[in-house]
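Single-structure report; data block below.
Going by the order they are written in, the chains are A, B and C; count residues from 1 in each one.
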Amino acid sequence: MLKISKDRITEIFNTVAESKSLYLPVNREDGQAEFKKYENGMVLSENLNTLRSAKDFFFPQTENLVDFKMEGKNIEVIDVREECEDFVIFGVRACDARSFTILDKVFLADPVDSYYKNRRDHGTIVTMACTRPSETCFCGSFGIDATEPEGDAVCYTDGSSYFFKANTEKGEAFINSVSSLLEDGDTAELEKVQAKTKEILAKLPLSNLSTDSFGGEKLNELFKSEKWAELSEACLGCGTCTFVCPTCQCYDIKDFNTGNGIKRFRCWDSCMYSDFTKMAHGNPRLSQVERFRQRFMHKLVYFPANNNGEFGCVGCGRCLSRCPVSMNIVKVMKALEEK
Amino acid sequence: MQEAIIKRAKELLADGSVNRVIGWKKGEFVYDITPAVFETAEEIDADFVYNELTSANVSKYLVKETKKDGKVLVFLKPCDTYSFNQLTKEHRINRENVYVIGIPGGPKLDVEKIKAKGITGILNITNDNGTLKIETLYGEETMPFADAVSTKCENCKSKKHVVFDELIGEDGDITDTNRFEMVEKLENMTSQERFDFWRDQLSKCIRCNACRNICPACTCEKCVFDNPDLGTDNKAAADSFEENMFHIIRAFHVAGRCTDCGECSRVCPQNIPLHLLNRKFIKDINSLYGEYQAGEDTTSRAPLTDYTFDDCEASIVHERGAE
Amino acid sequence: MNNDTLIPYIGVVTDIRQDTPDVKTFRVVSPEGQKVFEHMPGQCAMLSIPGVGEAMFSITSSPTNKEFMEFSIKKCGCLTNWLHAMDVGQQITIRGPYGNYFPVETELKGKDLLFIAGGIGLAPLRSVINYVRDNRANYGNVQIVYGSRSKDDLVDYQEIIDEWLKDDGIEVNLTIDNAQEGWDGHVGFVPTYVKELAPSTSKTVLVCGPPIMIKFTLEGLKELGFKETQVYTTMELRMKCGVGKCGRCNIGNKYVCKDGPVFRYDELGELPDEY
C-alpha cells in the first residue's frame, strides 16, 4: 500500500492545500479537537474524535437559503446559491463517515436538497482508521468497523507511517494529487496494529450493545413503553445531544430582516426544544417526555422503518460525553431492551 | 459517605417522612452520573451513587418536584444550598414539600480534564491519597487529583450549608477564595484584548442552551430567547452579534441572583468559561452595592431590586463603562 | 444549479373574498397570470410573506380550475393576520405542491361519496368536491354534510347555494351549532347530524374539521357500520420544509407533509397517537 512516514504528513497537507481547501482536526487550547481549515504549521490532532461532528461541512449550523427584496406589493426572489469550491476533509473517523450516508438518505432523497448536494459533490472525504477507540465508542453496534472506515479515501496508521487507500474516484484523485510524496510500503506492522485495535474493539464496555430490540417493526411497542417518563426525567430539554450528533438533521427555516431585504436562512433545530412542534392552535408534544421519546424513536425506530432497517445512530459517543446530565442513547437502549 | 446517604434515604422513605428522593444514579461508566428521582429502597440500593464524580446541582429539579404531591428528600452539597435558597426566595420551590439533607461537597472531578491529558478508554478511576489511578483499555495511568478538579470547584466559595433540615457529615465554613482572580485579569486587559478573549470563547457557542437550561437562576416559564411571538427567539447564532448577545443578556438576567454555582461552565459542551461573565457581575455588585452573596439567605433584598440612599450614582456605572 | 424546492415562486393575489368573519379566500396566479403549478385535490402549498413567516395551506381550488389557485385561510396567527390585512395585487411567495392527495383517480372512482366537514375543514374538501363535480361521470352519488358555529361561519356558503345545491346527484346537508335568526336549516353539531342522517355504509367518507369533531364523527360512523378503510381525512402539524426533511411533522415514521396530509383511517390507527 502507498504510504508516507508520519513525520512527513505535513508535506501531504501542504500539497493538497495548494489547490484546495483542506480541513483537518486540530487541537484547541482546551485539548478538544475541532476541524480547522489547514494553514501551514497546523498539527493533526491525535484525539480520537472532534468535539463537534463532521456534519457541519455538508449541513452547517446556519446557512442562507434565499434572499428577498420587498418593494411595495412586489417581491423579488434572489437565488443566492453558488457552486461550492472543491475541498478535502482529512481525518474523518469511521462513525462520522457513516453519518454522511445517513444524511444522504435524507438530503439526497427526492426532492434533492441542492444546498447539501452542492457541498457533498465538491467534498472529498479522507477517513482515518481508528487505533485507540474509547470507552464511549459503540459504532460496532451499527455495523461499522472502526479499523476499516468508509470515505473516498482511507488513511491508516501503524504508528510510524500513514498508509492510503482509495475507495472512490474522488479518493483516487486525492491520492494521485499527492502520489509523488508516497512510496510503496510494507503493511505487516499495520496489520498487527489493526488486529490489536480489533481486540480492543471487541472488549469495549459497550461492545455488547445490541440493536435487536429496535427497528421499524417495534414502533408501537416502543412508543407505548412506560419507561420514557423515567428516562426523560433528568432531561433539561437543551439541544446539546442534537447539535453534537453527526446524524441529527432536523432544521428550522427563519427569516431575518437585514433592513435592506430579507434573508431566509435555515438553522439546526432540535426536537428536544419546546417550540419544535408548536403551532398556533396547540402542540402535539407538550412535555419533555414526548420530545425525548421523539429523538430516540427517530433514530432507533422511525429512521430504520423508512430506510431498510438502517439506524440513525453511528455510535460515535459524543452524546455520551456531552450531555449535561449524562443521559444518552446507550442508557435509553439498555433500559428499553429490559423486558 | 455514599453509604450514610443511602442509609438515611431509606430510613426516611421507610418511615414515610418522604415519598421520593432526588439524588444521582450511576451510569454505564464511573463518571456518567445522572440526576434521578428514587421511589423505593430497591432502586436506591441498585443505583444511588455519591462520590467525587457526582457533580450535578439538583436544586433546580425541585421547581418541578415540589409541585407534586408528597414530600421529596433532596441531598444538597454546600454550593447547591445557595441555589436552593435563591429558588426559595423567588418562590420557585415549595419549601414545605422538601426535606433537605446537607452533604459534604467537592472538590469534584471533571472527567474531561482527565481525557484532555490523553488518558482515554477510561474503565475506572480511584483516588489514592491525592493521586488518581485510572484504569483504561490501554493500561493503568496516574495523575494528580488536583489536576482533574472540576472548574466549578477550583474556587470553592463555601463549605457551609446555608440551609438544611439535617446534616450528614460536618458543616464547613465560608471559604476565602480568590475566585475573582480571572475576572481581575480580564479587567486589566485592554478593551480590544478583552473583546478578543470573549469573541474567541463565544464564537465556540453552538446555542444548545445547556447553560440556560441547567442554570438554577433561569427558571422563567417562557424564556425570551424561545419566544417566536416576540421575534427574540434565536436558535442559531445567525451572526457573531447574536452569539455574544445571548450570553450577555443571560448574564444580565441572572445578575444579583446567580449564586456562582458554576453549573453553566460545567455543562458547556464547548468548554466556554461562562461563569466568568457571572462572576464579573458579582464582583461589580460587591463593589458598587456592598458585599452580597445570592442565596445566602431567603429574606434579604437583592441589591439590584433594592434602593438605598447609599447606592452608587448611576453616573459611576456610566463612567466605568467608558473606560 | 437545479431548482430547489425551498426557493419559492412568486404568486400574485388577484382576488380576496371575505368568506366568514375570520376566513378569507385568496386567488393566486403567477406574475404572468398563469397557474403557478398544477396539483391534485388535498395537496398543499407553502405560502409566505418574507420577513413575516411561511406556513402550509391546503389548496382549496380544484385542479380542474385551469386559471388560478385558491386558498381559504383562517386568521389565527402572525402570518395569517398579515395575509388577511393585504390588498389585491400583493405578491406572496408560494412553493409546492406538497404531500399526497385524495385518491380521486383510484379508490374513490365509481364510489358514492360522503363529505363531512366542520368549519375551515371544508377548505381541503372543496378541492375534491369541485373535482368530482367537474368529473361527474366518474363518481356515484355525492352527499355533503357541512357544519359550522353559525351561518356566518360557513365557508363558501355562496358557492354552496349557487352551485352545489343546484347540481344533480348532490345532496347538501348544512348545519350550524346554535339556532340563529334567518336560519331555517338544521341546528346541531356535525357528528350528531351525521348519525341522524344515517348515510348508507356503501359510501366512501372524506372527513375534515377540528380534531374533536373528527373524533366524534368517526365514532358515529363506526356505530353506523362504517369501516375505518372507508374513511379518509387530512392531518395538520407544524411544518417548515414541506418535503419530509426538516423533521417536525412526523406521526411515527410518517411525515404529514410528504406521506400525508391525506390518511385513510386504518393507516392512521397504526401510527402512534401523537397528533
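Here are some notes:
Operating definition for what follows: a residue touches a chain if its C-beta (ideal position, glycine included) is under 8 Å from a C-beta of that chain, and two chains touch if they have at least 3 such contacts.
This structure is a prediction, so every number in the text was calculated from the model and none was measured.
Chain-to-chain contact here is organised linearly: an open path runs through the chains from one end to the other. Closest to the protein's overall CA centre, chain by chain, comes A.
Each chain gets a centre from the mean of its Cα atoms; for chain A and chain B, those two points are 30 Å apart.
Averaged C-alpha coordinates put the centre of chain B at 51 Å from the centre of chain C. Spacing of chain A relative to chain C, judged by their CA centroids, is 40 angstrom. Multi-chain contact residues of chain B, defined as those touching 2 or more other chains: none present. Chain A has residues 252, 269 in contact with two or more other chains.
Those residues of chain C that touch chain A in the complex are listed here as 1-10, 50-54, 76-77, 80, 87, 89-93, 236-238, 240-241, 243-250, 252-253, 270, 272, 274-275.
Across the interface of their complex, chain C is touched by residues 65-66, 68, 70, 73-75, 77, 79, 81, 83, 106-107, 109, 111-115, 118, 216, 219-220, 223-224, 249-253, 255, 257, 262, 264, 266, 269, 271, 276-281, 284-285, 290, 294, 297-298, 301-303, 305-306 of chain A. Those residues of chain A that touch chain B in the shared complex are 30-32, 46, 48, 51-52, 61-62, 132-136, 200, 203-206, 233-234, 236-240, 242-244, 252, 254, 256, 265, 267-270, 273-275, 320-322, 324-328, 330-331, 334. Looking at the complex, you find that chain B touches chain A at residues 27-29, 31-37, 56, 61, 112, 115-118, 120-123, 136-138, 206-210, 212-214, 226, 228, 233, 235-238, 266-267, 269-271.
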